[in-house]
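Order of writing sets the chain letters: A, B and C. Residues in each chain are counted from 1.
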Amino acid sequence: MIDETFDAIVVGAGPAGNACAYTMASRGLKVLQLERGEYPGSKNVQGAILYADALEKVIPDFREDAPLERHVIEQRMWMMNDRSVSGMQYRSDDFNEERPNRYTIIRAQFDKWFSKRVQAAGALVICETTVTELVRNTQTGRVIGVRTDRAGGFIKADVVVLAEGVNGLLGERAGLRTPHKANHLALAVKEMHFLPRDTLEARFNLQGDEGVVIEAAGTITRGMTGTAFVYTNKESLSVGIGCLISDFKETGETPYGLLEGFRKHPAVAPLLAESDVKEYAAHMIPEGGYNAIPQLYGDGWLVVGDAGQFVNAVHREGSNLAMTTGRIAGEVIHQIKARRDPLDAENLSLYAQKLEKSFVMKDLKKYRNLPRALHNKHLFTTYPNLISQALQTWFRVDGVEKKQKENEIVKSFFRTRKFTGLASDVWSIARGWR
Amino acid sequence: MHIVVCMKQVPDSGQIRVHPVTNTIMRQGVPTIINPYDLFALEQALQLRDKLGGTITMLTMGPQMAEDSLRKAMAFGADRAVLLTDRFFAGSDTLATSFALATAIRKVGDTWGKPDIVFTGKQTIDGDTAQVGPGIAKRLDLHQLTYVAKIAEIDLAGRSITVERRAEGGVQVLRTQLPCLITMLEGTNSIRRGSMADTLRAARAEVVKWSAADAGIEDLTKCGLRGSPTVVKRVFAPTAREEKAHLIDTTGLGTDQIAQALMTEVLTRVPAIEGDLQRAAASY
Amino acid sequence: MSSDAKPAPAAGGRAGMKKELPEHFKAYKHVWVFVELEGNEVHPVSWELLGAGRQLADKLGVDLAAVVMAAPGIPARRAVAESFAYGADLAYLVEDPVLQHYRNDPYTKVFTHLVNTYKPEILLLGATTLGRDLAGSVATTLLTGLTADSTELAVDADGSLAATRPTFGGSLLCTIYTLNFRPQMATVRPRVMPMPERQEGRIGRVIEVKADLVEEDIVTKVLSFIPDRNSKTANLTYADIVVAGGLGLQSAENYQHVKNLAKVLCAEYGGSRPLVQKGWIEADRQIGQTGKTIRPKLYIAAGISGAIQHRVGVEGADLIVAINTDKNAQIFDFAHLGVVGDATRILPALTDAFRARFAVNRLAS
């Protein structure tokens, strides 16, 4: 047994755990962070989007040395059917600003960098160590530390922060929360496609560190609720697709099959041509939203990040909520410690109160019913096809008068998805969005 | 007993990518690891220390980030770690590497006591030369034991050591005197899992960092590119064979017919086999 | 242009790149091959090196010498005679009882003495456990360059040795020079170079050199030599026919198909690296860059994708036959003959076909 007691033990070294450990260590707390992977980020090979604001509130000068790939100056939203793409594109030179708002990153490198900063702030970070159990005081039930899979692995702490991500079994095993439901979890698969820098920049019309993000939905998910994406990194593209686990179960589709379909889509294939594909990773995303959030704190423990279902599926935000919940947890723990108060459920409830006031809970509440509304096959099959047809009718110059084209388009919508269906789709999404 | 283990941080070669079109190395995101061969040396050193007492000093020449690997080695149980790092070492070949390491080992000896055994891995997975160990042995005048599969016996009082060394077609049992240099064969043990206490100690430990000057290297012309007699002049991709394989047309053929067609094709192309096999068959 | 005065080499050009060879190295001439004699047998890699060395020597217009070190006796003499048959013009023969078994210390002493006395410009050794042990010590003693595991040896227009070897995990090759130092040393793995034609009755000059070794001066003692019980495994390198399997076989049980075919063909069996990692085959049956290099008359690869690290180990085979379900598998890029199909079905059928063929022949003869 280790004799010393830490102020806090953070389980997991993803964005949530790192933000939390950094916040506490930089405020002088004695922090131990334990990570299962070989190094922080080793389990996170994929590319991702980093939202600057959340990180800035943790590490204001992060731009100086963080491994950022490209800042995003263009967003494409695609609605796809099997042969076509329609959609919206927004590109602005305003995004070439001094402190850009969104960046593409490669998680393995980013997490490693973040962890270095955590260590520099004074936290002890130990990898290749799995926390197997939360240790409780047998009388009071208060969490007093953790047990790891190493010999002599019991370590004491005043508070344990669970930042174990969506796969973490610890909270579940300790009875702190129930298992995630299959309809609250999405399974995303990602690939890295390597391309020489100049080829990539020519293909996406980019200069320097400018980047593009493509988000796509439609028949590529074969009727299931989900989206696909392409992000530009410096010398690679992150390509992926994700759907609800419950849908995969129901349809028997495989994630990799979907990804292959997306990759081969006529609008996507030319972007990936001649690339060298490496690193295929599957990852779960908690998409239950507000309704799925578990109990967030108790005597001697807190939950942050994905482990607490903090993901905004609609806006594809996860890491920012992770960092924000991690930071707020860290601030709360420091505050309580500074008052020399115990880290019990009563005092830690401050964490939940602060979250309620932050954008985290407000956003998640706003979209609380959207997951259900989006779980509608027509959104991913019928509409993309209708829209594609409509646009083709509209753009083809073939001697048919425009008025007649309009009529045909409107008719096609009602023919395929009766008025009531159409109305209820619009209604439920609008309500979900409110 | 004082043991020095030389260790190198290497790129995980399984993850190195060569761009299919431009044939350039794509370094993005290639993780670094402890040279896997060196872990057999470390584990052997740990076992000796467990049995005979003493300390283990890890030594690495490499860039600043090699500190991670050294810390990891300490988490396995090594007592201290020295990182030899200096821009003058860049571009070292095996001769320059063994010069730098040998000089640093001398300094390690002056600082923490003369080593009884210096370990290295059999080879590295990036350079793959297996020359650094022998180079260090020669420069420090240590008895050289390469490809050691097992340490059969150590007599500290009598300063003798007996090992089993892998040789072509057999195992050589050698006895020599300490101090010696051992390059450890792969597959001879498996690295232990460090205890929680060792892991915490390693996370807090200070890795000693030496520049060339700190290590007592005076003649910088023996280091790095300048101290390396070998020169890499050209890096290129293997040329593809002009012709692709002649594929046997299997349309409409059953498995047995395919096998028959394949056998016939093989025997026409290498007729010598037919005779060999007939003779073999006849001698049954 | 003299780069002597330059303090540090600029990017792209290093001190070693300067053209002019220092005066005292100009006397270094001739190509040497170390003849590896262990347990009264010469390792065949030595003959392969004589073949490669012959070409270098002819290109340079110099002699090819074999270096034989051994205890006095018939094996040493026989090794010298064989060296001539495999192309050496002369042989340096050092006979001394202390050289009975290989030990680093006396061998290094004698070898460096020979080099310093007779000054060869190129020195080739087998990349065996013995050759690598010795080469590293000799190069360090002589303070010269050594290129490990070369796959190609050539002489440049200016007469320097260009040794090519794999780099970056085998995905690329690099050519290494030792421009300003002599001798230029390289090791080569067994079977990388073809076995040269043996020329019966070819003779050469023998230069006998005295070593004056004293057993008492040598600290390291050989207590015993335990020959490998299963010395068959070593035969993979030199087998005429090799059958190998890869991950495409899908299970350890299916690997039996490979063994069965090997048995019928009197062949050795091996496999790709993942099979070793999975424990389906022993480590010394791995074929490829980090396993054995082979040069059989016939190589059959079943369910092997043909990664570059595997390819470099088998390219020397006369006929490469690949069985793979994927018609785009890389192995078809360098195999001579291929079948697109399921190896787990074709292997047994092929085994039956060969068995039937040679059973019939046996009856006929």
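Throughout what follows, contacts are C-beta pairs under 8 Å (C-beta built on N, C-alpha and C of every residue); 3 or more make two chains touch, one makes a residue touch a chain.
These numbers come from a predicted model, not from an experiment.
Trainee: Spell out the chains that contact subunit B while also contacting subunit C.
Mentor: Touching subunit B and subunit C alike: no chains returned.
Trainee: Comparing chain centres built from Cα atoms against the global Cα centre, which chain wins on proximity?
Mentor: Chain nearest the centroid of all protein C-alpha atoms: B.
Trainee: Any idea how many Å lie between the Cα centroids of subunit B and subunit C?
Mentor: Spacing between the chain centres: roughly 19 Å.
Trainee: How many angstrom lie between the centres of subunit A and subunit C, each centre taken as the mean Cα position?
Mentor: 52
Trainee: Could you give the separation in Å between the centres of subunit A and subunit B, each centre being the mean of its C-alpha atoms?
Mentor: Whole-Å distance between the two chain centres: 40.
Trainee: Residues of subunit B touching 2+ other chains?
Mentor: Correct list: 17.
Trainee: In the complex, go through subunit B and note every residue touching subunit A.
Mentor: Contacts found on subunit B: 15, 17, 19-22, 24, 26, 28-29, 31, 68, 75, 193-197, 199-200, 203-204.
Trainee: Could you list, by residue number, the parts of subunit A that touch subunit B in their complex?
Mentor: 2, 32, 39, 42, 45, 106, 108-109, 124-126, 128-129, 148, 150-155, 192, 194, 196, 233-236, 274, 276, 278-279
Trainee: Looking at the complex, which residues from subunit B come into contact with subunit C?
Mentor: Where subunit B meets subunit C, its residues are 13-14, 16-18, 23, 25, 91, 93-95, 98, 125-135, 137-139, 143-147, 162, 164-177, 187, 225-226, 228-238, 240-241, 244-248, 250, 255-256, 258-260, 262-263, 265-266, 269-270, 272-273, 276-278, 280-282, 284.
Trainee: Can you list the residues on subunit C that touch subunit B in the complex?
Mentor: My answer: residues 8-9, 14-17, 36, 38-39, 43, 101-105, 108, 128-130, 132-133, 135-137, 139-141, 143-149, 162, 166-169, 171-181, 219-228, 231, 234, 240-241, 265-266, 283, 290, 297-298, 308, 311-312, 318-322, 327, 331-341, 345-346, 349-350, 352-354, 357-359, 361-362, 365.
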